[in-house]
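After this come two complexes, each holding chain A, first together with chain B and then together with chain C.
What follows is the complex of A and B.
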């Protein structure tokens, strides 16, 4: 007699666990499969978790979840070789309830979240790989696992198996990703005394800061570096499109080392001790890369559905909301005992109506635009740095003359037109 | 002076529970030898799993981060990529 559940969720990351939590809470008999030794063992994130979407699932989770620091300041560095133009917003409203976002360490957070789903009644089984979907008469009826006699059946299967989503690929929901649809991120966790962190980043205890780094952090390739404050560690990393690494024949860990040793970054991390090195892909294909997300007896959520807003470094929030919307749809489907694609497709509609579909649509051409036209990162960020240096260096030259120098630095008339056109185009893909 | 600069030093920071058999397979070794002068997987793999040894590709699967880059980035789709068996492979403790 084979095992049968109402629902099998493959993958105990934020998307899968959110889905399993909501289903279990509604009394649905749900199995949550995780291939790692524990939830989080395979998961990597720069570290920003958004409060709102998590609170949609567990109100006031921040009172008990293992969080690092609430973020009160977000900085954006436009970095050149020996300089940086930095924008920042710091607001103390982010440091108190209801908060905006937090840094987290995923191995701790994901375990906690999965335990909450178990408390609601989900069955969590770790160290188990779902190797394929079992398809009968054109509908998914379960998954084959790598355990002996490992076939498990369900009315509906939720694929929350992450960026690689071999299962959605098996079903033909998407072809293999192209190297320009995924970003390879490498990062290190650096141990540093909490007082030193607070001094260096101008923080009170229980306040955090994030820094996104553009330009020379990726040596001009499309991508970003990041430096986030945890309680007594820092997360530093760099992510670029895989296609960029291939094109420039660049080793990702050497790029990470370049960022760590950059004169604009090194003082922040001086004296710290690396305690973990991590690599992971981020789905950055955006709107155009969203695969089929609903079929007969199956839904796709989170990274597996390419739900990442690379421009705003949002992903875990979209994962959670997609998991929650999938659960809502399944609860409805269960009430009508109809798990057909036409029923489950309501998930896709909910997804597209939500901030996820809207935001991914807004930036649908952004990543590809900046990849096709490398001058933004390669030329315009250094130009911005030279202009700032010129304007703020007091050397007896009049300000009018300085403005003229900056104007001349923009190049010939033809180059200035190109710059103006590029700014228009950038506005168009970002607006 | 920053610590853990080389990939070998970085990999020492990671916990692996390696299986006895590989989850990564080069499908046709001849393609690497004859068609792929760049051996680009030896460059972009974040764990330096792939090492070219004169005439063949050495696959150090034990240090794999399971990111998937090689499967997607191999210009000849010449890498068969599976997840390690349940519980095996990389074990992130923090991030």
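What follows is the complex of A and C.
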């Protein structure tokens, strides 16, 4: 007779591990399954970890977790072919406890986090793929793994199996994602001397900087480029909606090469050496794409539930919080020995009341809007660059005349109205 | 019932390890620690023999606390029990001191349950000496059978084992008394895909850990660095082969050019 656990969590990323950690801490007998050789072996993100949501789980984790640099500056580049308008905020309060966010390398961080869950009593089994949920009488009662004698049972199964979530799909919780519901991110880790990083990005030791790059980084396709500082490496990457890549017949690695060689970016990474190449799908469907997240004996968390705020590049924080909320629900369900959908559906309510539901609702149409109207990335960002160039070039032209030129550059009256309308629309989807 | 003990070691993965160019030593932090691949085959063979003849498989290792991971790997492969000796007194041991410490641990295990067969990997991939297995056999005064590539029969009642030993130009069939010690080649078996219950057992498993004080009749002078007469005078990484030529052109041109090179340098290919 196969063993039965209180709970099986499928996937040891931030969502699954957070869930397993909280459950184990509460004395729940939990099995954490991971398909990779170790947690983090298969996980990819640009690299920003948010302090608050992690601290909700492990207070003062930053004193021992393998982090790269606390971020003290966030830059946003609106980039054209050979120019960029950059906004930035740098605040030294972010460089002190309790910090705001950190750059991390997932292969190290996820491993550490999972070890913490194991210390709490979770049982971690790696190199094991959950291939399907075992369903009996309309309820999930366990999972089938790819190993011999691989069936394993539990009162409740948490699906933290990432963006494609084959298990949630098998249960009919979601269909295959459409190409405009997922982004494809490709990135490289570039080795560069610590001192050079600090010089180039204007940093002190143990300070980090993030740069988000819009516009030409993606050749106008909806998405962003990013460049983050780690201890002695840089993370550089590009993420664009899959639909955009298909439409423009671009290969993801071509975009990455393009960004690496862009005259606005090249000087930052000059002399560095690639040490790792990663690529992954990111769920960016937002609010409208959130699938069914609770069923009889089953919950869905993290990327598997499309919990990513693409506008603010937040995902791992939502993953952790969703894992924690799932754990809370399971602890409650266990107290009443009721793992039915109506009981577990409280997780969905908690999720929607939290910042996750609120934020995803706020931006529910944003990505889709920019996908539908490519002029923001294709036309308005170059326009912004031309305006800045015009205004700041000192060539004896009067400032008044410069303003007129910028005004003329916006096009005919009709085009100006369209621009104004587009700005209103953008405000509406973002507000 | 057979009691088989596999001696194993956790090693840095030398396939990807980097050498420190200044000191010519291995940069151990640059590679993950793994179960020595030859030892994985030793454990696999022990588990297969257990399945065939019945019995118990124990594994033994000497190493720092993180080496528990290597024992867990053996539990995944189907070992029943794990023992580890871990103590600063063992640190810096060469093959002589290692085989001494392991022998003392084996004697302690044998007191609890007599050992019929010891299986070691042919060698470790970090030291490449292949001396520890035969060293243990010599100290226990049992026959060492090195280079075993097939186990034909184990007969506990009649007290013998028949194996194939790999030779340069074939193999020899050897019959030995039991207990004895095998060191095994990689081609002795293919590592099985561990069943899930083993994985779960391994995740929970905590081996028995002994310090030097837990072992009996130990001559401390023979342990660790003190007991290691080996002097490493120089270590260097083999130079990377230079030269080589990449052919270009159409397939026909490349084949023709390759053939002419082969003919020109035919003495290299004899």
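In the analysis below, the second predicted complex is superposed on the first by the 431 of 431 C-alpha atoms of A that agree within 3 Å, B and C clash if a C-alpha of one lies under 4 Å from a C-alpha of the other, contacts with A are read in each partner's own complex, and residues count from 1 in each chain.
Here is the rule we go by: a contact is a pair of C-beta atoms (placed from the backbone, for glycine too) under 8 Å apart; a residue touches a chain by one contact, two chains touch by 3 or more.
This structure is a prediction, so every number in the text was calculated from the model and none was measured.
Colleague: With the two complexes superposed on chain A, say which partner A:179 touches: chain B (first), chain C (second), both, or neither.
Modeller: Touch status of A:179: first partner only.
Colleague: Could you look at A:159 and tell me whether it touches chain B, chain C, both or neither (first, second, both, neither)?
Modeller: After superposing on A, A:159 lies clear of both chain B and chain C.
Colleague: Between chain C and chain B, which one touches more residues of chain A when both complexes sit on the common chain A?
Modeller: On the superposition, B touches more of the residues of chain A.
Colleague: Would you sort A:145 into first (chain B), second (chain C), both or neither based on which partner it touches?
Modeller: both
Colleague: Quick check on the superposed pair: does A:249 touch chain B, chain C, both, or neither? Answer first, second, both or neither.
Modeller: first
Colleague: By the touch definition at the top of the document, which applies to A:40: first (chain B), second (chain C), both, or neither?
Modeller: first
Colleague: Can A:124 be said to touch chain B (first), chain C (second), both, or neither?
Modeller: second
Colleague: May I ask you to decide whether A:24 touches chain B, chain C, both, or neither, giving the answer as first, second, both or neither?
Modeller: So A:24 meets neither chain B nor chain C here.
Colleague: Considering only the touch criterion stated at the top, classify A:3 as touching first (chain B), second (chain C), both, or neither.
Modeller: The answer is second: A:3 touches chain C but not chain B.
Colleague: Once the complexes are superposed, what residues of chain A are shared between the chain B interface and the chain C interface?
Modeller: In chain A, residues 127-128, 145, 147 are touched by chain B and also by chain C.
Colleague: Under the touch definition given earlier, write down the residues of chain C that touch chain A in their complex.
Modeller: Answer in residue numbers: 193-197, 199-200, 203-204.
Colleague: Give the list of chain A residues in touch with chain C in this complex.
Modeller: Spelled out, the residues of chain A in touch with chain C are 2-3, 31, 123-125, 127-128, 145, 147-152.
Colleague: In the complex of these two chains, what residues of chain B are touching chain A?
Modeller: That would be residues 2-5, 7, 10-11, 13-14, 17, 38, 40, 43-44, 46-48, 65-69, 71-73, 77, 81-87, 89-95 of chain B.
Colleague: List the residues on chain A that touch chain B in their complex, please.
Modeller: 35-37, 40-45, 47, 105-108, 126-129, 131, 145-147, 163-164, 166, 176-179, 182, 184, 186-189, 233, 235, 242, 245-246, 249-253, 257, 260-261, 266, 269, 273-281
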